[in-house]
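Starting off with a structure, shown below.
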Amino acid sequence: MRRVISSSLARCAGTVCVTSALLQLPQRRFQSQAPPGAPQQGRQQAPGAARADYEHGHETEREFEPPKKPTEVPKFVKINTTDKGITNVQLARAPVNSLSLEFFQELNQWMLWLGSNEETKAVVISSAIPTVFSAGLDLSEVHNPKPERISLFWQSFQEMWLILNSFPKPIIAAINGNSPAAGCIIAMGCDYRVMARGPKDNQNNSRLYRIGLNETKLGLVAPPWTMPAYAYLMGSRQAERMLQLGETPVADDALKLGLIDEVTPDDERAVEVAYQQAERFLTVPQQSRWMARDMMRREYLQMLASDEERNYDTEFFTQFVQSPEVQKNLETYLQRLKSRSRK
Amino acid sequence: MRRVISSSLARCAGTVCVTSALLQLPQRRFQSQAPPGAPQQGRQQAPGAARADYEHGHETEREFEPPKKPTEVPKFVKINTTDKGITNVQLARAPVNSLSLEFFQELNQWMLWLGSNEETKAVVISSAIPTVFSAGLDLSEVHNPKPERISLFWQSFQEMWLILNSFPKPIIAAINGNSPAAGCIIAMGCDYRVMARGPKDNQNNSRLYRIGLNETKLGLVAPPWTMPAYAYLMGSRQAERMLQLGETPVADDALKLGLIDEVTPDDERAVEVAYQQAERFLTVPQQSRWMARDMMRREYLQMLASDEERNYDTEFFTQFVQSPEVQKNLETYLQRLKSRSRK
Amino acid sequence: MRRVISSSLARCAGTVCVTSALLQLPQRRFQSQAPPGAPQQGRQQAPGAARADYEHGHETEREFEPPKKPTEVPKFVKINTTDKGITNVQLARAPVNSLSLEFFQELNQWMLWLGSNEETKAVVISSAIPTVFSAGLDLSEVHNPKPERISLFWQSFQEMWLILNSFPKPIIAAINGNSPAAGCIIAMGCDYRVMARGPKDNQNNSRLYRIGLNETKLGLVAPPWTMPAYAYLMGSRQAERMLQLGETPVADDALKLGLIDEVTPDDERAVEVAYQQAERFLTVPQQSRWMARDMMRREYLQMLASDEERNYDTEFFTQFVQSPEVQKNLETYLQRLKSRSRK
C-alpha cells in the first residue's frame, strides 16, 4: 500500500500533476501550472485509484515538458484575456465551426498552454460565429475518410475531451448558437454551461438554438466515452432516450433536462453571464475545487484512461465509420444538406 | 489489442450478432436478423468491453442457429402484426398474467423469433386482460417451489430480461393495467413506457393503475439485476426508497419519478400511443439507435453477463426463496389474498 | 461457484451477518441481532459480489463477538427509547456538535449496540443542541493534527459511515439545525432525511437552516467515499457543482435537489415526523427492506470495502491534511471564525 502511495506522490512531487494515472497524457502537460508552494500530494491520486496503479504498475514513467506558448498565430480560435484574468477562447472557423483535425490540434495546444499560463485564471469558451456554437465534427473527415488522417483525427478529439475534463482552472461554456453533436461535447467538458435562447434580434423567439448528441440521426453514434458523461448530466434514462432518437432540445428544455445550467435571452448575454460564473468559480480555493471535480468525473473518464483503451476506441471508430452502411447514411445526410442549401 | 478487435469482429462476421460477449445467449439468436449489407462490425463490442474479452478469453465459441418460428400456437400470448410492421405482443394468461416457467419460455421463444422476423419492424407489448398488465411472478412457482422447476424458472426470467434489453428493434410497453413486481420488470426492459391512468370507463378516476417493484412488501426482494435498472430510470435515491418500502405509485406519480415516459387517460389510448411511439423510434437509422441503447445499458446488464454470474444469481435466488422466513412471508401474503377474495 | 456460495453461507450461518465481505468490520458486530429463525442465507452476499470473493478469497475469517452494551454513561450523545421501540440518538456535544475522535468512538459503540439491541426497532438521529445538527468535523482534529490521533480519527469517521449505511434497522435523520460538511454526512448515511426549515420561533423565516458538503470553501475536500453517495442522492451533475462550489442550500432547496426527503416548518416538527417515518419503515418485512438497501448502496460502499482501501484512504487524508496549503487554508478559515465571534 505504502509503496503505491509513495510512488504516486513521487510522481507528483513538486508539481500539480495528474489527477490519476488515467489522465497522464493531457494533465502532465499542465505541470508548470504548479502554484508556488503547492503541496507534494497536490494532484495525488484519490483513493480508489489505487487498484489501477496495481494493474498498470508496469507503465513506465514518461517525461513531459511543461507546455510552451504556441508560436503560430491561431487560425481557428481567437484568444483574449481580460484584466481579471479570464481568457475567452472563441471558436472561429467559418462557416459553422466544424471540427477538423487541425482545429482540434490548435485548440488542444492553446488549451494546454492556458492551463499553465499564469495570467489566465479561468476560461470562457464561446463562438465567434453568429448563431452557431459548433456544428460538430467536420464531415469531410468522416465521409470517405483518408486512412492516414482518420486515426489522428479521432485521437485529437479524445485528447480535447481529456483536456477539457481535467482542466485545472474553471472553464465555462457560453453556448451562443446551435450546438449539435461534437459541439455539445465541447460544452459537456466544461464546468458550467450557459446557453442563449436565440440570437439578439430574435423576434418572438422565432429562432431558437438547439443542443444535443444527435449522431443517431446521421446514422452515426456518439463517442462511447461521451455517453456516461451525458448520463452524468441528465440521468441515464433521459440520456438513453435522447441518444436513441438523436434529440436536440431548445435551451429551455435542455435546462430542465440538466444538459445545461442556465439560459439567457440572447448570445451576448450568454457570454456576459459566463464571465460572471467564471468569477464565481474563482471564489473558492482552487485546489479543492478541481480535486472535487476530478474525483467526481474520474469514473466516466476511465473509458479513455490508458493508451490501450484510447487505441481500442480509435480502432473501433475508424472501422465503424468506414463501413458501407455508415458511409451510405452519411451520403444521404450530405445530399439532404446540399438540396436544402440550394433552396 | 488488434487481436481482441479481430476476434470480436470475427465473431460478428456477416451478422448482426451480440452487443458484447455479455449477452451472447439471447443476442446470438437474433443472428438471422442481419440486414442485407450489414457491416461486419455491426454488432461489434463497444470500447470498454475489451477488458471483459481478456478475462473471458477462454470462453469457447458456441454455435447458434438463427431462431425459427415457433411451431406451436401460443397459449399465453397473442401476436398480431400491422401493415406497417408493428407487432403487438399481448400478454394473455388469465386471470392476471402471472408469470410461470411456461409463460416465460413461450414469450422468450416468440420474442427471439420476432427479433429475427423480417416482417416485424417494432414491437408493442400490452395485456389482453382488462385492468392488469401483469401481476408479476406466478406465486405457485415460488411458494413451496418444486426443486426441479425453480432453477429453470429463474433462468427463463433472466433470459427474458436479457432479450428485452438487447432486442434489435424498438420495443414499446403499453401498460394497460396494474403492473407490480415482475410486471414492472417487463416494462423496464422496453425502450419506452406508455401507461394508462386507469380503465376506459373510469368514473372520476376512482380506479387508478399502479406500477412498481413491491417485492419487499411480500417479504421478497426484487432481482438484484433489476435494481441498477430501477436506478437508471429514476435515480439511485428514489429507487432505493421505493425498493425499501415497496412503493407502487399511480401513473402520474410514476411519470414524475421517471419510471414511465408517458401517461394516457385510459387503456385503449395507451396502446394507440405506444404504436405512435414505435413509429417515432423507427424514424432514425436503426443500427445507430440500438448501438446507443446497448452502450448505455451495458453496465446494468453486466450483472448477468456470464454463465457464471447467471448461475450464481440463480443459486442465490433458489436458496433465498426456499428459506423458512421467505416461505412464511409468502404464506402470510397468500392467506391475505385468499381472505380478500372471499369477501 | 458453489464453493463460493457455500463459503459465504457458512460465514453467515445462523446469524444475520455481513451484507458482503465488503462490510465485514462493522456488520459482523451486529451478529447477535439475528432474529429467531433467521434464514441461513439471511445476510448472504448478493450476486455480483461473487467476484470480490474470488479476489479476496485469501482473507482469513475473523472472529467477532456480538457487541455489548457500552458500560460508561455516554458523554456526547443522549439515548432514549420509546414504548414503540424507536430509539432517539441525540447528538449532544456543546457548543456545536463538532465531531472529535472520542465523539465518533462513542457514537459508533452505541450504534453497534443499538443494531443488536432487541428493544430497539428503529433509530432517529437528531441534535440536542438548538439550531445546529452538527457543525462537522472538530477542526482541532485537523488543524495542526496530532500524528498519533489523526489516523485513528479518520478511521473512526470511516467506521461511522459504514455503520450508518449498513445499519440493520430503519434509521431516520431529524435534521433540526444547520448541517454542513460531516454533519451532512451523518444525514446522508440514514434511510430517510427530515429537515426543519428553521427554529420554532422563527419570525418570517429570517433564520433558515442549511445543509451540504461545503469542504471546498475551507480549502478541504469532502471524503472521496461520500462523493458517490452525494451523487446517489442528487444525480452526478448537481453533486459535482455543489462540491466544486461548496454550496449549502436551505431546506426547501435541498428538498428540490434530493439531498433531503422532507421539510418541516421547525425543529420540533422535524423530530415528530422522523418518528412517523420510522414507523412507516417498520411496516414492511425488515429483512427484505435492508437487503434492498444493501444491494443498492453496495456500489458506493465499495470504496471502503477492504482494509487495504480503508488504509489507503486514511493515508491519503492524513498526508493531504498535513500539507502546508491545506493548513494555511484552515488557518485563514479559523481566523475568520474568531474575528466573527468577537463582533
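Which chain is which? They are A, B and C, in the order written, and residues in each are numbered from 1.
Following the convention adopted for this analysis, a residue touches a chain if its C-beta (ideal position, glycine included) is under 8 Å from a C-beta of that chain, and two chains touch if they have at least 3 such contacts.
What you are looking at is a predicted structure, and each value in this text was computed from that prediction instead of being measured.
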Next item on the list: Just say which it is for the chain contacts: an open line, a closed ring, a star, complete, or other.
Entry: complete
Check: Between copies subunit B and subunit C, are the contact residues mostly the same numbers or mostly different, with half as the line?
Finding: different
Check: Taking each chain's centre as the mean position of its Cα atoms, how many Å separate subunit B from subunit C?
Finding: 36
Checklist line | Junction residues of subunit A - those touching two or more other chains | finding: 231, 235
Note to self: Taking the touch rule as given, give the residues of subunit C at its contact with subunit A in the complex, in rising order.
What the structure shows: 215-222, 224-225, 227, 231, 235-241, 243-246, 303, 308-309, 311-313, 315-316, 319-320, 323-326, 329
Check: What does subunit B use to touch subunit A in their complex?
Finding: 1-2, 4-5, 9, 37-42, 44-48, 50, 191-192, 231-235, 258, 261, 280-281, 284-285, 287-289, 291-293, 295-297
